[in-house]
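Each of the next two complexes has chain A plus one other chain: chain B in the first, chain C in the second.
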Partner chain A sequence: MQTSTSWRSFRMAAWLGWLIESNWTDPFLFAIYSIVKPLSGAAILVIMYGIISGGNFNTPLFPYIYLGNAFYIYVGAVMTGVSWAVVDDREHYKTLKYMYIAPIYIPVYLLGRGVARFITGSIAVFITIVAGVLFLKVPLHWAEINWGLFFVTLILGVVMLALLGLLLAGITLTVARHEGFIGEATAGALYIFSGAVFPLDVLPEWIRPIGYFMPTTYWLELLRRSLVGNVAQAFPTLANFSNLQILGILLGLSIFFGVVSIWVFRYCDSVARERGLIDRTTNY
Partner chain B sequence: MSNSLAIETQGLGRIYKLRGSKKEKRKELVALQDVSLTVQRGELFGLLGPNGAGKTTLIKVLTTLLSPTSGWARVAGADVHAEPNLVRPRINMVSGGESSGYGLLTVKENLWMFSQFYGAPSKEANERIEALLEMVGMKDRMHTKSSDLSTGLRQKMNIVRGFLTDPEVLFLDEPTLGLDVGASRDVRKFILEWLKADRERTLLLTTHYMVEADELCDRVAIINKGRVLACDTPSALKQRLQKDVTFEIETSPLNGLTPQMMESQPEVKKAALTDIEGGARWKLSLVEESALARVFNLFAQKEIKVMNLNKRQPTLEDVFVDLVGRSMAEEESNEQSAG
Partner chain C sequence: MNNQQGRGEALTRPYSRKDIGWRLFLKTIIARAYPRLIGQQREVSWLVFDVVMPMLGVIAYVLVYRALNAPEDYIGFVVMGGAMTAFWMNVLWSMSSQLYWEKEQGNLALYIMAPNSMMAILLGMALGGMLATAMRAVAVTLLGSFMFGVTYEVTSYFQLFSVFMLAMAALYGMGMMMASAFLLFGREAWHMANLAQEPIFLASGFYFPIKSLPFWVAAGASIIPLTLGMDAMRQLIFPSGFQFGFMTVRLEIIILAVLSVVFIVTAKVLLAYIEKIAVREGRITESRR
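Now for the complex of A and B:
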């Protein structure tokens, strides 16, 4: 009974999310959105890097930046996607209250809404990386890739991001205004603190602990290591840790944040019922 | 399901904390106060009250969307605050006057999705959807994207969503708000048919249309400023006023007769007067019908001609006026200027 409730919440949410996400009347626009947008994002970064480094693409820093940026697409897609479902359903479709009174698990429903974003995000990540390998000589060699580590890390990370999304969804639920901002702001902050496009060592020493506390830091590091092993070790931040140690830290932090997320969501959920915010619309 | 009560509330209250500007102190707004009601299974129960009376707030509490600040409520046998997961599978709710739904899904997709959230087998759900859409005259719009529907049709789709899951207790908040006369009639007819098909089904609806409450509901609670002022069958509510007999009489000009003179007659309880073209219109409350003879005598003495005579049947509007001291329209304009 319980598993079937969870399953139908998840399945139907994923179905709905996919219809919403892929419902472009114009396939051409859909292609632009899912291909051109991430590529142009990467292009801006490459150009900036080219200017600053004087056109030297042969340092370990370049694949570091390029891959970090590519996988960071998942943060915007999955984490923000899950929390955005609250805004979408409450403000835009005005269905959140009907979801709430339906016999489903709202957290599972929200996670399900992130599935479609995971799929489109994966396409974007893939295309970005392929473009990097083909045109920018990102040193990715088929034979050297640690596939096992890569997939374990990827899946663990996506689950972690979805749970972080749930945390943001909870906070979003209790905020009646400017709620769309929460996901973007968090994604922006994580971009800086997780060593996505520059190693943590670049940051002032007193800020670094924030990065060490974020599971995304270890996630991105492991993804880089699994794809371009030795290059990733050129940076001192986490060089002392083995892959397995980092995986352990990532797992530990993911469980920690997962538990916190579920707890925060439950708390926010009861606050929202307390204050009558579940069907609150601001009519923006 | 030995419990025969569909809804039971005891001392239910809800206070909203209002956040004004920072300088302003936090204000509190009492939206519901000491509401104690019981609704039997099989009943069509109406909440009647002006804007801001607390109807929607009560529905939100009963549908587990909002926690009460005092008292308790049970729906379909479970506590709405403590056991929402037991309540939710047994209820459904529709708010009128808003266009909710996923605009990029078709009518059928929207409805099918909700049926799946309730765990209905897909094939059965599809059959039910078609049957219900047929009943509200929307079958030809089944494959229309719901964003392409008119507001009224969207509302009908929403109403179908409420009935689709075959809830034990269904809450309809102003179901006919914004619908034209024909569509309102369809919806009312549909409500009655749905209830007739299974005597265990319970429906609570809110409205501020007196006629709707009178025509549809088995029992009505009149609610104003968060309080239930009276709760009974429409006819029993009107019966309370029936002790007085009300007549509307149009006469020729008054020749000095005043309402005071009229009220000084022993069996005339109340006399109100409005000017009309070429004369006056009296509204008289008499202790009993036979007192009309005295009134006619008085008219004759003053040489006033009676042009028109109507015995007024009391309406729920009269009941409201009797309870609140003002008409519902007055109460609403007052609420607006206060708010």
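Now for the complex of A and C:
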């Protein structure tokens, strides 16, 4: 693998992904499209919370739910952004076979295809958080934010999610008829097991270990802590761990899942080549 | 020898009966509903995904309510909302977007050329989709009720049946209407269907009583049949449902009946328009990726 090949693959895939994502309409409609969905998802939780709490948004649980949900946008965007490229190129545009014979590096190409959704996801996360601060009193004080921890966690998490996306892309290569569901089902399951919108203690005790094994659990916890430190630490789930300890766990799990993802992708890729699945279309 | 004779007969025999009029209309409905029902027998594993996906949402929202120590009826509201998402997703992806998919796969031109009514094709899609989705919705309801111990107290079975059937008629009428509209969107159809999920779950109160929204927002959202359908059903099957009702059940039944007629008539008008454009300009059936 040459560095220049990887960079070219990534750069062109990112640009291609951006064009596919955005050029179906004018920029104004695209901007609305990109933020309406995540804002609506957040609004559902806000209304649910508001009904039960009688409009009291000052409890620690509210920023826990709101921020967890806001950053969870990245999970759907980055992870499925990478894996969906396989479905898009193979089934819809029927170009995956050409990508495979082009002088590019396929895993890097797929990672590049996730960039567009990372950008739109970032805008959605930003707007969701700003809306929370402005209208719902999410206790975010710019001066008190641990920016270093925030950016380190954010970057580490996005890389981890992209690699998980690669794992799903590998599985998608070998699967017919269910490929569209894989990303959504994984993101949906992680939403529950990562404690994105409720503390893990709410889960039945026998299910919690799954949550403790997921890197997204620690990623979301650290993001909350970096933004609203004391509020996030009030919940018992990971209260006994310091920021550094959680960062260490997140790093360890990210490396573990990263290695597994690369291995799974390579294996599935060779299976797909062997069985002639690269240019298979099912019309499902 | 016998085989050859049989083949020869089949080639020379005139049509014994050519179906036209209402008979053709009915046969078209059945023919289009058939693959919707049989398709899921051929791909049973899809059923798992179709049940699991809404269940993931249901579980997440139930656990949010549990974290907030919400009254138990709210858990029931979420389970019911989760079951009804199956119908909305079916209308969105398998009714509204269907003609767009058919165009992409090259079938739309055949539909328009065939001597049957496009309205019958859409009715068949609706009927088959409704029945197939009902099984998924029942599975989600049973699973959700079992997992979270939801109990129901039906106050009027007749009204409950009326509300459900009218909500389905209006919802699938809306789907038939949108099928033509989506066809006009071209490449935007997929994105429009994708967009009409979370905002509709929010506006229609899939996971909370619609009464919690400001009056005019709830009134505006009532154009989507599931909004009033779910509101009425919650009033009819949960003990505390009446205190969360947006309107009286009787009024909601009347509005749903009106919506059913309006949507189905509009669907017919739009379909005629689409067929006209397809024949005159040859543009609608052209697939552009």
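The rule is short, and it goes like this: the second predicted complex is superposed on the first by the 280 of 284 C-alpha atoms of A that agree within 3 Å, B and C clash if a C-alpha of one lies under 4 Å from a C-alpha of the other, contacts with A are read in each partner's own complex, and residues count from 1 in each chain.
Definition applied: a contact is a pair of C-beta atoms (placed from the backbone, for glycine too) under 8 Å apart; a residue touches a chain by one contact, two chains touch by 3 or more.
Small disclaimer: the values here were computed from a predicted structure and weren't measured.
Touching A:Y191 in the superposition: chain B (first), chain C (second), both, neither?
In the superposed model, A:Y191 contacts chain C only, not chain B.
Mind working out whether A:E205 is in touch with chain B, chain C, both or neither, as first, second, both or neither?
neither
Who does A:W15 touch here: chain B (first), chain C (second), both, or neither?
first
Look at A:A43 in the shared chain and tell me whether it touches chain B only, chain C only, both, or neither; answer first, second, both or neither.
A:A43: touches chain C, not chain B.
In the overlay, answer first, second, both or neither for which of chain B and chain C A:P103 touches.
Once the two structures are laid over each other on A, A:P103 reaches chain B alone.
Is chain A touched at more residues by chain B or by chain C?
When the residues of chain A touched by each partner are counted, C comes out ahead.
After lining up the shared chain so the two structures overlap, which partner does A:D26 touch, if you call chain B first and chain C second: first, second, both or neither?
The answer is neither, since A:D26 touches no partner chain.
Once chain A of both complexes is superposed, is A:Y93 in touch with chain B (first), chain C (second), both, or neither?
After superposition on chain A, A:Y93 lies in contact with both partners, chain B and chain C.
I'd like to know which partner A:D279 touches here: chain B for first, chain C for second, both or neither.
first
Identify the overlap between the chain B-contacting and the chain C-contacting residues of chain A.
93.
Given the complex with chain B, which residues does chain A contribute to the contact?
For this pair, the touching residues of chain A are 4-5, 8-9, 11-12, 15-16, 19-20, 23, 93-95, 97-104, 270, 273-276, 278-279.
Any idea which chain A residues touch chain C in the complex?
24-25, 33, 36-38, 40-41, 43-45, 47-53, 61, 65, 92-93, 177-178, 181, 184-185, 188-189, 191-192, 196-199, 202-203, 283
Under the stated contact criterion, what part of chain B meets chain A in this complex?
Going through chain B, the ones touching chain A are 16-17, 57, 60, 63-67, 85, 88-89, 91-93, 95, 98-105, 109, 113-114, 116-119, 161.
Okay, in this complex, where on chain C does chain A touch?
43, 45-46, 49, 52-53, 56-57, 59-61, 63-70, 74, 105, 187-188, 191, 194-195, 197-199, 201-202, 206-209, 212-213, 289
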